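Both complexes shown next keep chain A, but they swap its partner, so chain B is in the first and chain C is in the second.
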Partner chain A sequence: MKHPNIKLCTSLFSFALEWNSGKYSLEQLMSKVRELNLGPGIEIIGFQSLKGFPYLSDNTIVDVRRLIEQFGFEPACLDANVDVAIRRDRLLTIEETVEYIIPQIWAANKLGFPVLRVQMTAKPEVIKKLVPVAEKANVKLGMELHTPYLIDHPAVVALRELYEEMDSPFLGFIPDFGTSMRQIPDALLHSFREVGVTDELIAITKEIWQKDIPTPAKFGELQERASALGATPPQIGRLNMAFSMNGRQDVNAWKEIIPQTVHLHGKFYGFDEHGDEPSIDYAAILKVFYEGGYRGYVSSEYEGTAFTDEFTGFEMVQKHHALCKKILENIQEKEYARTV
Partner chain B sequence: MGPLDNFILADDALQATPTGFTLQFHSHWYRSLPLSCMSCKAIINGQAIDESEVFIEANGNKYPFSEMPNLYKEWLFITDGARLHVNGVEPLQKGKQYNIEFKLDLFIPYILVGREGNPLLASSTVTKQLTCN
Partner chain C sequence: MIQMFEKYMIVEKDVENIVENGKITGFKFGARLPYYRGIALSLLEDIGVNIDGAEVPKEDIKFNVHGNTYTLEQMESAVDDRWNMGEVAYIIIDKEGGLLKGDHQVRLMLNMRIAYLPFPSIRNSEKTISIA
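The block that comes next holds the complex of A and B.
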């Protein structure tokens, strides 16, 4: 018998263009995702899709639960935001941050989501105080590891130490594939051209990005070489995005935290003519998680809308599902062939 | 900044009032933010607006423009618009076209950058010919 596989999921983050256009209600958006068969998992960002989040009325809770059930989705992950800079005069204190997240944990509980995405702006002291709430609400806290938070980043190391100390099944990680990229997405590079960046500058940026040096050293080298070619400060600012948005962590580095992985963010930007994602090695990453024993969801998270409106979120998530499905079936077939 | 900028000013964003005009805008982030995380600047036909005569409205609540940095409890849902009420100017003419340059700065409260750990600034400027309603 074949083993269970990693499951597909769609994050409504992928439809930023469609959602911000105001042309879709939540029901219409979810209906379209169902029609295109982009489940079974569904991921919702509270502050994107739910007005009044995290203080939801009973009616809203009933409505959202009804939609999830009606369209046959499995609630995979609700995304919290840890908005520590919501005040302009100062950052939220540890206590205030805890109080900011608690209602978001309960929103996940009431909506039926087993996992709540949290962000690195929640320091270990905050997470420690949230564990009893997460346990009571039966909601796992999944810390998103988004670039620049590689698994050996000092802040991540501190969190891993806390996880070890607490040893709670309610603490986990959500690796974001944008942390392990093989090249800068073309869509991002094309957007640089719109602000007058030359092909020569783009080539230099790509070359520096590939180097095994710390990110600050990359900023420095780019500053020096791009200035010498006459790049303006705003252009250099845009090029710096290539270093800050796209991580180069070895895919094998994830192995250490697979037992604590509670969800996956399948970030993607675009596809080549074969349906492959040129900037992220999906075959390699999914193999690492599958072989490491992960059997949760990989959630399609299309972020190309940050640079281009050439494609709809729907067509891009369809392509992403097709790619992941092909890779996962291939991995499973090979394993099955080995065991029979 | 990106394609979401296209939603900042809708075609019907500009409206005449007896004391001036209103300008409705939408955020260009993918999720809701409170007004404290926003700042904006409008120029109409090359003329900057005197901010002391401006009020900001969201969810039916109206505040002096200078209060915006303190409004961390007034959320602007991502598909809702906020409205600037501009007074003390010659009222606009309905049906006439005006050139609007609008700069919207968003201070992203969960992404801290630089040595100081300041919120990421996501700034967009859109310029549009709008017919006054």
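The block that comes next holds the complex of A and C.
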């Protein structure tokens, strides 16, 4: 693929376990990603990988830029966190949240990242105040649309209205594929068994998950039915994850926001024997974004680390890249065949 | 939720008695944050420690990260100090005489407040630590 519309990218989030084990420095991690040819894009979570983030020393800035250049990566996205619950007595105010994000925008600027991932805890009033900063820093704010934030969620609708009103190229979205899933990942279900959850409780969870009702209603129904079967609060907490992490949005729903899409989070949990992701229909999702005219990266975000250490992040991202590459090449060949 | 991080929570090789003015006043052991990124100390709602089956009183627990020491109460308002991912912090226990030489069973509980999850994130880990 000479000039692919959708390029591959690796989020260092995928190596959370490797990183946490203390066995890899940032340089060793990036070197390994390069060695496995898992670029060209690179995505970094500020609070995970960068010392002192968001107040980076000149040395850190020089070091990180050097690593990106030395390994031939293209800086795709820096991930901010919007920790509005940082205080114990109350949530951060609009103004405090703005102040919490501004240095993270400048960190993206200094490191050469064109996009900063932000989270829905940044309300529209916050985003509005950040636009002038984003413009000045030449950094696009990409709102991550992670479950439960489907594109018709009231909070997302309010943000889309703001985007329309501001009409700024510095405001965009980062769809997370975990919002459009076809089944609950096996790795997640297996982890439930480890904490004593029975097959009956898992079956109920899967059944409620498939229902067309809002997520809070699912929490409620699960609470009622699982407690009746004797499930403990910690077990119900784990089962609730199935609802909060796995969305059921129709893949075609993304079409409406493709023009504002600045980055993609290619979330994944595991693979079957054919190299396909059983819980997420990658062929269908990538086709929607490709045909909708999306230009940018799809970043491999391995989330299975949450439930299993059976696989390394490296082998899983390799499989994910292979899957995305196969699908994208297939789409482009078909398109080429049509145009000649 | 992220139970895989729990196995790195207790740094069992990093344990020692604390000696002040020639007297053993307590002990400390290393700990890593069981989360995918670093968080402000104020987001740690609670720390629980159990040694050889006995729960340590909250007022005897202190937390030390990159040289800064906090009581659990002081951590509540520590919004500007951060426990980085992978960074080894120390759980300090005030205990006259510290731990006796040999093996001890330690259980650590960390309760984190995560802004976007509807339930508390409680992580538990248990390991055998040794005092040389």
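Following the convention adopted for this analysis, the second predicted complex is superposed on the first by the 336 of 340 C-alpha atoms of A that agree within 3 Å, B and C clash if a C-alpha of one lies under 4 Å from a C-alpha of the other, contacts with A are read in each partner's own complex, and residues count from 1 in each chain.
Assume contacts are C-beta pairs under 8 Å (C-beta built on N, C-alpha and C of every residue); 3 or more make two chains touch, one makes a residue touch a chain.
Everything numeric in this text was worked out from a predicted model, so none of it was measured.
**Q** Using the superposition on chain A, decide if chain B and chain C clash or fit.
**A** clash
**Q** Looking at the overlay, what does A:31 touch: chain B (first), chain C (second), both, or neither?
**A** Touch status of A:31: no partner.
**Q** Given the touch rule stated above, what does A:5 touch, chain B (first), chain C (second), both, or neither?
**A** Neither: A:5 stays clear of chain B and chain C.
**Q** Would you check which partner chain A:238 touches, where first means chain B only, second means chain C only, and both and neither mean what they say?
**A** Touch partner of A:238: chain C, not chain B.
**Q** Now for A:87: first (chain B), second (chain C), both, or neither, which partner does it touch?
**A** both
**Q** In the superposed arrangement, which partner chain does A:21 touch: chain B (first), chain C (second), both, or neither?
**A** both
**Q** Which partner does A:219 reach: the first (chain B), the second (chain C), both, or neither?
**A** Only chain C; A:219 stays clear of chain B.
**Q** Touching chain B and also chain C: which chain A residues?
**A** Chain A residues touching both partners: 13, 16-17, 19-22, 45, 47-48, 51, 53, 81-88, 119, 121, 191, 244, 305-309.
**Q** Quick one: which bits of chain A touch chain C in the complex? Just the residue numbers, please.
**A** On the chain A side, the touching residues are 13, 16-17, 19-22, 45, 47-49, 51, 53, 81-88, 119-121, 191, 194-195, 219, 234, 237-238, 240-241, 244, 305-309.
**Q** Would you pull the chain A residues touching chain B in the complex into a rising list?
**A** For chain A paired with chain B, touching residues are 13, 16-17, 19-22, 45, 47-48, 51-53, 81-89, 91, 119, 121, 191, 244, 305-309.
**Q** What does chain C use to touch chain A in their complex?
**A** 1-5, 7-8, 32, 34, 36-40, 42-43, 45, 76-77, 79, 82, 84-86, 88, 113-120, 122
**Q** Could you please specify the touching residues of chain B with respect to chain A in the complex?
**A** Per the touch definition, chain B meets chain A at residues 2-4, 6-7, 26, 28, 30-34, 36-37, 69-70, 72, 75, 77-80, 107-113, 117-119.
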